[in-house]
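Letters are used for the chains, namely A, B, C, D, E and F, taken in the order the chains are written, and counting of residues starts over at 1 for each.
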């Protein structure tokens, strides 16, 4: 009985967090380990469904790099990275879309269903959600490099998400959209999630990573970052690689609060929202 | 961190219960120790607010016998009990109403407010909630005994509760109502709660007591009771005193599921709804 | 038949007033003789129900000084007045709340019910309606005097009234609220009504008294007063005693139109709203 | 002041009637003296607007025989009556429609406007309100007689009235409709009103006449009639002339309650609804 | 089959126009040949119903000069024109209203019904749609000339149209309204339509005429006119007679886009809205 | 101008069809040539958007056999057909889902967007739309044959489609769903469309094929078929191959009206709905 009472106490401690976030939208960039290990995947979809039941509106944007690599390899389509971004040929982008929209996305949707939630899979093409355009060539040491069908967000029309949210569905979105001529474009999931967070006036943008959080020059996790500190980390070269697009996503105009959290911790999303002890790095404007 | 994850796990374990009861009404008869000890009182209102936040609709009916006794004593108004029911004179019923509606009720409402909920205090008179009539004389060994202004429910119009519920308030109701000539009547809180549960088509009627649950002839708690078993407990004299009106309340036509739970356990209401291990006695029709 | 036609004519004469006030809120401070004499009480609740049926939204705030005095006396709790305001001890405030919320309030609610209306009794604690704080000590000739649990309004959240109004209930409110630490506070009913009128953007604040209206230095009723004239009456000492809080209530920022009317006249409220011949004093900003 | 209080008393006496009929539809056949004398016309539209303000839904169907006669005469179009019904030629029906829809109807609408109501004029053609067909030839002593463009109701689609009602307009309807080939047909206003009352599930059908009510064989007004008594009055020849279509309208299947009232009494409609002393004849099924 | 496919192609070509105008209001001044020839009348109401089915909101204002002339003549009521406007005596205005509201208007409503639409006939009096006043005397060569009951729009309350539109009815409006003393006034249909277009924030004001469009000094149709060019046409005397009120209607403050189109062309309204090749003159501010 | 008027005439001829089908749902099984040739693809999405604009609710279910074959071949995954149904291994079903959901589906969605509509791509997994189970083994000449991850519909919950429809989106659905253990199943698109038509109470089920319609024994197109005639065509062996699942889909209990139409004709869907000359075979129960 004592244990039961302790459990009730844990539920009660969630009360102020539920009160604070009820009716608010949280955009979650999902990826990395949390999308690979069975136990972490289960924990993630449970978190989503619980959030929704207590009145919070989760919106998921997912990546899928490793899965794309697998299929490109099976199909012997070569693929190259410049500054961590995949140069995406017309041949490759077709595979990217199939894998993200037709495979990774539906696996998440089905998992949500398995714990009693109702996910709906979307890409930027659905309901005119995202208008995109080709990204400009990358400046490299050997001159500008055309990135192929890599895109960037031009505009977001969140009405399809609003309707699904209001009807009790959890939107799960693959970062693929159409360009000006209807061609399929591959977008960075962090940036895509950030643009959605802005358009949906989300309370939080949660970026799931495979590290403890943003680190300082000594490699120690930073719990709180202001925008200017975050910019300094980039300009001083302390933040590197995949952390750069995450920080840029967090710094986008209109993002209210961004969290870089450690997806290797089970229920990281729930802990981030339902406890005061931050479990990653909080970036505020 | 491990402890945090355990806590998340506890939250997740509530998921199926939240899913099962979302949108359902639970009528709770509140009284006894749970209404006296500071810690239990705090736990009780936290339970109410949490239930409401996760989409369950709690409706509270409270008693207040000890507080009534105190004030009658202060005012030197004599008071007598027949079969556990207070013979209520015109002088006494005025005090009963003041204490229940003006004191006990508002204390609960204020406590709900203190943990971030929005309670609204009502009695059977408000919004025409309950129409009552004088109870018939009690048969006693010395002949029929007029009970004074003791009433019984004639009809319930739950619209005021429905409106408050829909607007996010928690109704807290004192078991006082007007009789056919507008006179104030004192009603049994268990019976009153049972009538509300029926009118509101409540999923559960939860009766908080100061014992572990309904007990068998050997004094051991019974976890599950059918209606006919419950009736047998009364007719065989195993159930006695205050347990009899509780069992009768549970057995009323239209009650879907009744629970007699131990209010001395902190968060008893939450545990009853959010765990499978019953913490009292479940009575089903 | 002639008499019947005359009666129809009377109904028709109400037409322009109904048209002018349909959909508007009228906050009525109820007290004095109108709350004592059986005939006046009946007339008052009939007025409320008629107003509501023709589309006007009455909100009642009531006092209860004499009833409080009676009960304090019965309980031998001493009580003292400073400048017409009761110094309210912790012991006394408990009685004040019980009498106002549990007795006076429910009597009005029940009376409304008896003429076919649906009243709902509230205090400032219900639904977080009024946040209050302790009033500062009174300056007296013998130095500052602590008033005990006398409060003043800090903020009004009228949503519970709005919901009840929209659903066709008549809110009846006792001027008791919780302070910053949850302690019960006793508020002046005139000021309380004035604060509600402002929060509800009421068309009128009607203050029922036991005099003909505000009087000039010669003791003659004044039919119309501007804010500056009203302030002059106070500063010149023409207005005295209980009339001062009424005038201050009428002068509060945001009150649209205030009426001091004579509650000894049956149907005074109806006459005030449905005739052009003022039956008291109109105070306009 | 005494007179004022008496007036308030009259308003209060209307209370139970307002409560009884709030939200109910009353279809009123308007005609005769009440449509001619300036004072009676004013009283009639005041009644309509007052009814609507207190939550009752009046629907007006009007005649216009005398006005039609005037214009036919001006235009030298001959017109003949068979059993009180106008044989309506193609030439005449054009004038009938112009006078009813374009003149009589708009005069009523404008009068409603002048006392602050919002009338909307309609005929059976508007919004597909009434589908009609040519009435069969009349059997006369000289054989069957073709009645020209006289019609009878085939079906009613009350949606245009429902929409206008819900938006706070008072529908005023001329008894003209289109036949199967789109030709204009002239309908009996009593029968037309009766068909609307049935389609709108009206609480009352009020037929305004220029007599005191239905009379018995001695010429005394009958206050209450059952359907079978009403049928007997017709078959025995006690009811004659224009009273026959009124009784038939009252007897139509689906009419809930019909009143034949004396339009020469000012405010006859109001008196009928707001007093118990019937002012005409009540016919119940 | 080939022909069928061509027909499908024609439907598809309407797609961008439907998309552009869906949900928009178009006010159409209807008159002239289009209101006389059977084939043109049929085509006009088909256009209305089709527009409404594809989500456009047509509002019709009609004239009726020739019909008024006929009836005035039949009734031997003299009638005179000053600057193309009928001097309207009290005797004449009664006929004007009857003919417009009771005859012309209902013919259009009935025709809409015959092709499956649901028209509702209104005048400026219905639902308080238009408040008017007497027009000032006309300046003529022989001094100022009183125009009798000729009116001009003072204010428009479009709520009755909004409600009918939302409920799927097509409003058909006769340009008659009440003046300040309730007297009937005769208004110019072009100006009336223009005032409605402004009040309804219409996308287009379409003025149907019996000419090809506005013409230049050489008598050639002008396809596009700016406001200043239109004003120049008037001041230079190029625009004459009935074209002047049309241009003034088009130039009124708040008109978004006005079209003067040739009503002698079948389906002129549909062609104007559903093709790019203008079929008259477009006037833009 | 003449040509323009003819075009208007064509639009007007669509009027009765639009009126008949407004607000009705049409489920369209899309496949074959209509999904391959650029011109036919354009025509198809134009048809969808036009239907929706005129108030009809199109729901698309698509196949994708040739595209699946291509990708299976590229990936060297062997694939075998039994009775025209693909035996689907675990390896193959992953490709089937990616190609249908991630490629074919999004191409249609994007094409709808390009003509101004708003498509949303779904599979049976989204929003719990379709619950499926493994199909039983096929009886073949060499004994029962396990079909691998081929599924059949168990239940349809159309709420996600209803919400998207109501919000103005066009649902495009790939016939993939989850089985009892969450495994991905490949369903026959004809049967899937038929199950949706029943769940959505669709007015029509339109099956697009590459033939003129259902043919009789002499190879001539049959324009109308009753259910029993259709069953006879199957049992007599006249209907063969891919036509059998189409006829079975058409014959399912609850299908209101089914059409087998020739997708090689541009705008076949529009012609089917907007003309009386059937362009395929109509099957009625």
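In this text, contacts are C-beta pairs under 8 Å (C-beta built on N, C-alpha and C of every residue); 3 or more make two chains touch, one makes a residue touch a chain.
Just so it is clear, the structure is predicted and the values come from calculations on it, not from any experiment.
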item: If a chain touches subunit A and subunit C alike, it appears here; value: B
item: Numbering shared by both copies at the subunit F-subunit A contact, with half separating same from different; value: same
item: Angle (degrees, nearest 5) of the CA superposition of subunit C onto subunit F; value: 180
item: Far-end chain from subunit F, centres as C-alpha averages; value: C
item: Label of the chain whose CA centroid is most distant from the centroid of subunit B; value: E
item: Distance from the mean Cα position of subunit D to that of subunit B, given in whole angstrom; value: 57
item: Intercentroid distance (Cα basis), subunit D paired with subunit A, Å; value: 69
item: Geometric centre distance via CA averages, subunit E-subunit D, whole Å; value: 34
item: Graph class of chain-chain contacts, one of line, ring, star, complete, other; value: ring
item: Cyclic chain order when read starting with subunit B and heading to subunit C; value: B, C, D, E, F, A
item: Contacting residues of subunit A [partner subunit B, same complex]; value: 1, 4-5, 7-16, 18-19, 22, 43, 46-47, 49-50, 53-55, 115-116, 265-267, 270-271, 274-275, 277, 279
item: Subunit D-facing residues of subunit E, complex; value: 74-75, 94, 97-103, 105-106, 109-111, 113-114, 118-123, 125-128, 159-160, 163-164, 167, 169, 176, 178, 182, 184
